[in-house]
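By letter and in written order, the chains are A, B, C and D; residue numbering begins at 1 in each of them.
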Amino acid sequence: MGKSEIRTVCKVDFEKPAANQPYLHNRWHPDIPPTATIKNGETVKIECLDWYPLPLSSPYFLTNNADKFARTGGQIQNNDSADDVRNVDLSKVHYLSGPFEVEGAKPGDVLLVEIMDVQPFQDQPWGFTGIFDKSNGGGFLDEMYPSAAKAIWDFEGIYCTSRHIPHVKFAGLIHPGILGCAPSAEVLNTWNRREAELIAANKLADRDVALPPLPHNTHCGSAASHLHSKIASEGARTIPGRPEHGGNCDIKNLSRGSKVYLPVHVPGANFSVGDLHFSQGDGEISFCGAIEMAGVITINFKVIPNGLETIGITSPIYIPGPVEPSFGPGRYIYFEGFSVDQNGKQHYMDVTVAYRQTCMRVIEYLRRFGYDDYQIYLLLSCAPIQGHVAGIVDIPNACTTIGLPVDIFGFDISPGAKTAEGLEMGSAAFETGKEKGVVVSGTGANSEVSFGGGLTYKE
Amino acid sequence: MGKSEIRTVCKVDFEKPAANQPYLHNRWHPDIPPTATIKNGETVKIECLDWYPLPLSSPYFLTNNADKFARTGGQIQNNDSADDVRNVDLSKVHYLSGPFEVEGAKPGDVLLVEIMDVQPFQDQPWGFTGIFDKSNGGGFLDEMYPSAAKAIWDFEGIYCTSRHIPHVKFAGLIHPGILGCAPSAEVLNTWNRREAELIAANKLADRDVALPPLPHNTHCGSAASHLHSKIASEGARTIPGRPEHGGNCDIKNLSRGSKVYLPVHVPGANFSVGDLHFSQGDGEISFCGAIEMAGVITINFKVIPNGLETIGITSPIYIPGPVEPSFGPGRYIYFEGFSVDQNGKQHYMDVTVAYRQTCMRVIEYLRRFGYDDYQIYLLLSCAPIQGHVAGIVDIPNACTTIGLPVDIFGFDISPGAKTAEGLEMGSAAFETGKEKGVVVSGTGANSEVSFGGGLTYKE
Amino acid sequence: MGKSEIRTVCKVDFEKPAANQPYLHNRWHPDIPPTATIKNGETVKIECLDWYPLPLSSPYFLTNNADKFARTGGQIQNNDSADDVRNVDLSKVHYLSGPFEVEGAKPGDVLLVEIMDVQPFQDQPWGFTGIFDKSNGGGFLDEMYPSAAKAIWDFEGIYCTSRHIPHVKFAGLIHPGILGCAPSAEVLNTWNRREAELIAANKLADRDVALPPLPHNTHCGSAASHLHSKIASEGARTIPGRPEHGGNCDIKNLSRGSKVYLPVHVPGANFSVGDLHFSQGDGEISFCGAIEMAGVITINFKVIPNGLETIGITSPIYIPGPVEPSFGPGRYIYFEGFSVDQNGKQHYMDVTVAYRQTCMRVIEYLRRFGYDDYQIYLLLSCAPIQGHVAGIVDIPNACTTIGLPVDIFGFDISPGAKTAEGLEMGSAAFETGKEKGVVVSGTGANSEVSFGGGLTYKE
Amino acid sequence: MGKSEIRTVCKVDFEKPAANQPYLHNRWHPDIPPTATIKNGETVKIECLDWYPLPLSSPYFLTNNADKFARTGGQIQNNDSADDVRNVDLSKVHYLSGPFEVEGAKPGDVLLVEIMDVQPFQDQPWGFTGIFDKSNGGGFLDEMYPSAAKAIWDFEGIYCTSRHIPHVKFAGLIHPGILGCAPSAEVLNTWNRREAELIAANKLADRDVALPPLPHNTHCGSAASHLHSKIASEGARTIPGRPEHGGNCDIKNLSRGSKVYLPVHVPGANFSVGDLHFSQGDGEISFCGAIEMAGVITINFKVIPNGLETIGITSPIYIPGPVEPSFGPGRYIYFEGFSVDQNGKQHYMDVTVAYRQTCMRVIEYLRRFGYDDYQIYLLLSCAPIQGHVAGIVDIPNACTTIGLPVDIFGFDISPGAKTAEGLEMGSAAFETGKEKGVVVSGTGANSEVSFGGGLTYKE
C-alpha cells in the first residue's frame, strides 16, 4: 500500500565474485533451489548483475581497486579498449538472480509477471555494447566484421549517450533480456536431446551450432554440494531462449509496464531473471548487442491456476506497457533486405539472410555521415530499430525491413541531408594494437554452401 | 494547384481482358515500352487491377454477366467458394500498370515516389484474402494447412469486415504490394542467372524454389510484336521482390503518405505499380494473404539526379507517412516463436522457422474463441499484425514475435477473457465438397530434412 | 456486404442554388421534414456542400461560367483575393444535408453514428481557410488582425498545401464540423430563451454576443410552405454548437473512424450533417478557420434504445478512430499562454484570454522564418495544432498550451534553427487595394474593459 | 561521462522543518540568493519536497514519530481522513528547491533546461491528490463539490493505484509542476502591480481573485536577515504561473525528456524547481489535483546567449520527450462541454465555463459504474485526461473536450458496457464526521452574475 519501500528479495554484492553469491546461478536446472519466496500477488525488487558482472564503478575507481574488480569476476570495463570483449569468458554467462519460489504455483499454471520498473543502479550509470571476435562468440555480421569492438554508454535519466558513437542520444526501452521459470526434468531433457541432435548433425560446421551443458564455471546457486555435478552436467546454458519457458528471448519491447504470461513447469515456479538491457534493437545483432547493464527490476507476481489450459498457450506471451519511447511513423527511414546474400547468391526464402542484408543496407547508408562500419554495427544492435518480417511468401525472396529512427541522431540523416560536415565521429573501442576493426569485403567469395543464415561447412 | 482533378495516366477497363490492355504488363523487362510520360514533379493517378483481375462487380451482377467476367480474365469472385482460389492460374499474375516514363530520369538517379493516396474503386468496395492449395502455390503454413480457402472483405470507408471471419473489423493500412522501376538488361540478366542457380541446386526439392521466365501468359504491354518472344523468354516474374529495384516487396507500412526512393536502371525510369492491398500483416503469410483489391493510386514523382551515389543506397528505402492506423503499445498481445519446428526439431538460427512457429502460437491462442485454424491463418495474413525479428544471435534459437492488435476484435481476446460464448464464428470459404480445410497434425513427422524455412527433398 | 456501391442518400447539385435544393437546410427546427429514411444499421453516403456553397470548380472554369457560380450561391472562389471573404453573407450558413430519419429512433434514444469516411469530391480537390473582417464576422484574434484574408488549399490525396502559405504540407484530419439530431420544440425553445437572455444582458457590447433566429435567407429544406414562417422565425442558427445535440462543435478529432453518440430529441432522430473540414486546429481560431470543403461523408447509423439513460449522457460523446495523423510526442513545440492579455492586464482565470495569448506566442515565434502574421493566423486555424487546457486552478492565471507540429513544415523550425533564408514565403490573399492585412499593435490600449474573452462595451 | 553518480546539488532533509532548510524558498524574489552553482552544460540532481512537505514516511512510522512529522512542517498524511487537507495552511506553499545559479547566464539569455528524469524517493513510494474545502482554497468545481477530500496514491515503478479510487491503475506522466528563473525587480514589480489591479477591481467578489505578497510564513531561502522584510513584503506567491517566466504552469506533458526554454531575467538565471507531480490531468482541476509527491529531478542546463531575441520568445516554450504513456487515439472516450453553465445560463464564448461543463459530463458518465462524484473529481484531476479547446469562435458557445483514457480502468467503461456489478468502489477520504462529501445540486440557482469562469459578487 505504498507505505514503505518495496521489499528487495535479491541484493547483489559487487564486493565478491558472482560465483560466490548463492542467490545467483548461471544454468537452468530444476534442482537449483529457490533463494527466496514471494507471495502470490506480491511486488518485489530484484537486483541483477549483467551478462558478465560489470565492474562496480569507474576505471578511475578501479585503478585503486584492481583486485576488487578481479575478485568480482567482472569482465567488462568502462574504458576505451575492447581487449576485455576480445577475451571474454562465455562459459560464465549469464548470472541470473533467483530462482524465486512463488507461493502456490504448480506445473500447468501460468505465472503472470508484471514488470513495474527496471532501473540501472544509481551509482553505476553506464553500460556497454560489445561485438565479439569471430573466434570467440561472433555475431550476426561476423563474416564482414570479425573484430572485437565496444561502445560504452552513459546514462542520464531516461537518456543514454556514448563517447564511442558521438551525436547519438536516445531514451532507453529498458527491459530484462532473460526471464522465465525453471524447466522440469522432462523439459530439460527435451532441450538437451534436441540441441544435441543439432550438434550431432552439424559436426563439420565452421562454428558452434549450439552450446551443450558445460560443467566449467557452472554456478549452481544455493544447491547443496551433492547436486553440483548433476546440475553442471545437465544444466541448460542460458544463452538461447527456448519455446517452453522463454528465457533469453531478448525482446526489446518486453519492457517496463509489460505483463508476461510464463508457463510453470515445477512447483513454486522457480522464476529467474537477469541480463538487464537499457536498450536493444530488434535482433540484438552483435550478440551482446544490447546496452548491457546492472540494475534493479521491480516485478509483481500473480499465479493463474491451470493457466496453460485456460489461456491456451505453450510458449510465453506478453502485453507491453504504455510507456515505450514513441516516434511518429514518419520518423523512421526504412531499409529493405532480401534473401540474396552479400556474395550475390540467391537463397530460398531465408529470413535470416534477408535480415542480415537489411542490416548491411543501413550500414551502407550511414557511412556517408562519417561513422565507420563498426560504430553502425554497434548502434544497430542497441538502438531502438524496428526489424520487421515484411514478405515471406514471394519465392525465392524473403523480404525484411529495418526502421531506423531519425530522432536519435543529433544531425539530419534524411536522404536529402548533406553529409555531417564539421562533426567529429570518433571511433568505437577496439583491441589493443588494432586501430580499426577488420572489414571483410562482401564480394567474390562464392564458395559458401549456406543454409539457414550462412552456416558453412569445413571441407 | 488543385484547380482541376488530378490527371489519370492509366485507366483500366473491366470490360476487356487484362491481356488486351496495353497499359498493363505482367513481367519485368527493359524492352516493355512506357505507356505514358510523367513530368518530373507531377502528381498523377494510376488505376490498378489486382493480382488476378478482380471481377467487375457483384455475383448478382455477374449472374447476368458470366461471360463478361470470363472475358476480363477475372479469376476471383465475391462468393462463398474457394474453387476459384484452388484453380487460380499463377502464370498470369501480376498485371502491373505501366511502365511510366518519368521525364529526365536516367540510370544512377533515384526516383522519389510519394504515395499521396490509395483507394479502392468506389463501385467495387471489396477485396479478398486467399490461401492457395499446397499443390498450386501453397503458403507459409501449407505443411499444416494444405487446403485452399478464401475470405471476402467488404470495405466501408476506412474499415473492412468479412462474412468469413465474423466479429473482426479494422482500418486498412492501404498500400501497393508492388512498385519499382524496370531493370536494365544487365540487372535482368543478374536476376535470371542467380535464380537459375538456385533452381539448379535444388532440383530434388519438393516444391518450386523460384520461378524462371515463363512465356505462357506473358503480357508484354504495348511492346511491338517482334519483341514479344524476347520479353516472354527473358522477362522476370513479378512474384518475388528483388533487392535491385524493390518490386513485390509486400511491405505493409509502405503505405499512404510514404516517400519511396527507387533506384533507376533505364532511361525514363519506367516505373510500374500494382498489387494494391487494402491491408496486410507482416509476412503476408498465406501468399495472396493481403486483402487484394483493385483501385487507384495517386503518386507524386520527383527525380533525384545521381541519387544512388549521393544518398548512398543500392536497394529502395522509404519513409512512411503519418496516417497509419495506430493502437497504443499496450493494445497488442505478443507471441513468441523460436527456431524449433512443429516436429520438435531444433534448427540453427532460422528466422523463417521461428516466424512460422510464432504464427502457430497465435493460431493456438485464438482457437479458444471459436475460430477455426483457416480463419486465423487468413486473418494473420491480412490484419495489421506486427512481425518482429526479436533475437537473432542466441545460438541455436532465433526468436521472433508477432503483435496481435486486440482492438480489431469485436469481443475481448485478452488472456483473462472468457471464451466468446454466444458468438457465431462462421467459416472461411472452402473448396466445393470440402466442408472445412484439411489440417495436418503438427507432430510425429520427424522425417523432415529441412533448411531455410522447411524446404524438404524428394527421396 | 460490399457487393455494390454504398447507397447515397443525398446528392448535391452544383448547378443550382443551395436554397433550391430541398435536401439541404440552414436552420435547426423540428418541423423541417426528413429528406430520406435510413435503416437502423445501414451505412450510407451523404454529399455535403460547405459553409458557403463552394464554387463548382476552378476559376478558369468559372471564367466561362460566372453566372453558374452566382446561381449556386457559391460565395468563395479559388483565387488570390479575399474580397469574397470580406463580403461573405453569413445569414446563409451553414447549408446542412438532411435531415435524415433513422428508422425506429425515438426521443430518449441515442443515435450511434460511425463515421466510416470523409472525402472531398474528386473533381474539386481544394478548400479554403478564411479570416473574416472584424466588422463582418470577426475571429478570435480580430483585435489584433481585423482584416479579411484567405488561403486556398490544394488537396493531393491525404495531403494539402497552399500557395498562400508556402513550405507547409500536412495530412488532413478530415471531419464534419457539424452533426447532430434535430431539437424538439422544447429543446429549441430552451435555446432561443437562453441565447435571447444573453443578448438582452449585453446590449451595449461592441459585438454580437449571439445570433437570434433570422428569417432572411432561411432555407427550410423540404418543409411545406405553410411552415416557412414558423421555421424562419424560430429556427436556431447553425453557427453555435449546443450541449443538447452537439451541432457545430468543430472538434478536430471527431474524424474518420469515430463513433459519435448523439441524443435523439424527435421521432426518427432527424439527423443532419455538414461543414466538412479537411483539417482544423484546436479552436478553429479564425472562425472559418478550418479548411472548408465540399465532399462526401459515409456514415453507419445504429439506434440505441433508451440510450440517454442507459449510457448516462446529456451531451454527445465520441470515440475517435485509429487513423488520425500521428507525430511523436517530441515532434511538437509547445507554447504557453496565461490570462494576462496583450495589454498587460490581468484577468481572473480566463481560459479564453489565455488561449488567445498562446496563439500570439506562436505567431511571434514563427515570424522569424518570414511568414507574416496573417499567414500564421490562418495556419493555426487549420493545421493540426494541439490546444490544451493546462492549469485552470492557480489563481489568477489560467494556463493553456498549443502544440505546433514541426513536421508540417518543409524546413527546420526548431528553436536552434537558423531563419529560413532563401525561402520565399509569399503572402495570404487579402482584400483588393490592401497589400497586407492590418495589424493592430498589441500594446498601450489599456482602455479595454474586458470579461469572458475580450468582450468590450460601447461607451 | 557516466563514470560516477550524477552530482546532487540540493539534498532535502525530512528531519527538520522546510522553513529551516536554506536551499528551499517559497516566494519568487530576485534577492533570494543562489544556493548552489551549476556549470553551463552540466547535469545535476535536485531533490524536491512537495507542495506541503510530505511526511517522511508511513502512518505506522509516524505513530511513533508524531513530533517528527510536526517538526518538518509536513501537512498531508498517508491516511484515510481529509482533515489535513481541510485545514491546510496555504501560506506555506510551495517550497521550491533553489535558486540555482547557472554559470554565464545573463538577462536576455534563454536557459535550456532538459529534464532527464523525475523520480519519487525510493522510501516514500506514495503521493496524494486533494480537493480543498471551498472556504480554504477551493477548486474548479467547488460550486458543486465544496467539501475537502483526498486520495492517497501508491507507486509501484511506473504505475500508481489508490485505495480511495479502486480499479484504476495508470502509468505516471511524471513532471515538475513548477520551474522557472527568478524575476528581475522590474518583472516582479509588473506582477505585483497587475495582480493588485485585479484585486482592486474585484473587491466585492465572493472569493480571492489573486494572492498578493504575504509576509506570513515567507521563507527567504538563504537570504541575509536584513533582506527578509523586503522579500516578505514583495515576494510573489508561487501559486500562479506567469507569462514572463513560467513558474507554476502545471503542464502535464512538460515531463521526462522535455526540453524547456526559459527566459533569464537576472544574472545567473537563479533557477528554481518544485511541486513534483507523479501524474496530472489537463487543468489539474481540484487545485492540488495532481498526484503531489516528493522526489528527485535530474536536469541538464545549457545557456543560449541572447536567446530571447534569437529564438523570438517572450514566454517559455518546450519540446516534450518521447516517453509519455501512449494510448491509441481510439482508446479515449471524449466528452463535449459548452459555455452554458450548470444553471442553464448562456455565457459568451467562455472557455472556462465550457471546460467546467465538460468535467461535469465525465462525472455524470462515470457515476453509473459506482464511483461517487468526489472520486471522479479527484480522478479527473490527476489521471492523464486530455483537455482540448475544440471550438472557440462559434458565438456564443465555446466548446471544449475531455478525452478520458479507457485503459486506466480495470473494467470496461465503454458506452456499451454494463455497470460494474460486483465491484466494490470504496470511497474517497473525507473530513472527520462527514461520511461523504457535500454535493450541491446544479440546478435552480439562477442568481449567479458570472463572468470569466463563474466568479460571483457579494451583494
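By definition in this document, contacts are C-beta pairs under 8 Å (C-beta built on N, C-alpha and C of every residue); 3 or more make two chains touch, one makes a residue touch a chain.
Labels paired with UniProt names: A, B, C, D = Acetamidase/Formamidase family-domain-containing protein.
Every value quoted in this text rests on a predicted model; they were computed, and no experiment measured them.
With centres computed as the average of Cα coordinates, no chain lies farther from subunit C than A. Should one ask which of C-D and A-D has more C-beta pairs in contact, the pair is C-D.
Averaged C-alpha coordinates give centres for subunit B and subunit D that are 52 Å from one another. Subunit C and subunit D have CA centres that are 33 Å apart. Distance between subunit A and subunit D, defined via averaged C-alpha coordinates, is recorded as 41 Å. In subunit D, the residues touching two or more other chains are 257, 321-324, 326-330, 407. On subunit D, the positions that touch subunit C within their shared complex are 110, 139-140, 190, 194-195, 197-198, 202, 208-211, 239-243, 246, 248-254, 257, 261, 282-287, 289, 304, 307, 311-324, 326, 328-330, 332-338, 340, 344-352, 355, 357, 361, 364-365, 367-368, 386-401, 414-415, 451-453, 455. Across the interface of their complex, subunit C is touched by residues 326-331, 407 of subunit A.
Those residues of subunit A lying in contact with subunit D across their complex are 1-6, 43, 57-61, 78, 115-117, 122-123, 125-126, 152-159, 163, 171, 256-257, 298, 300, 321-327, 407.
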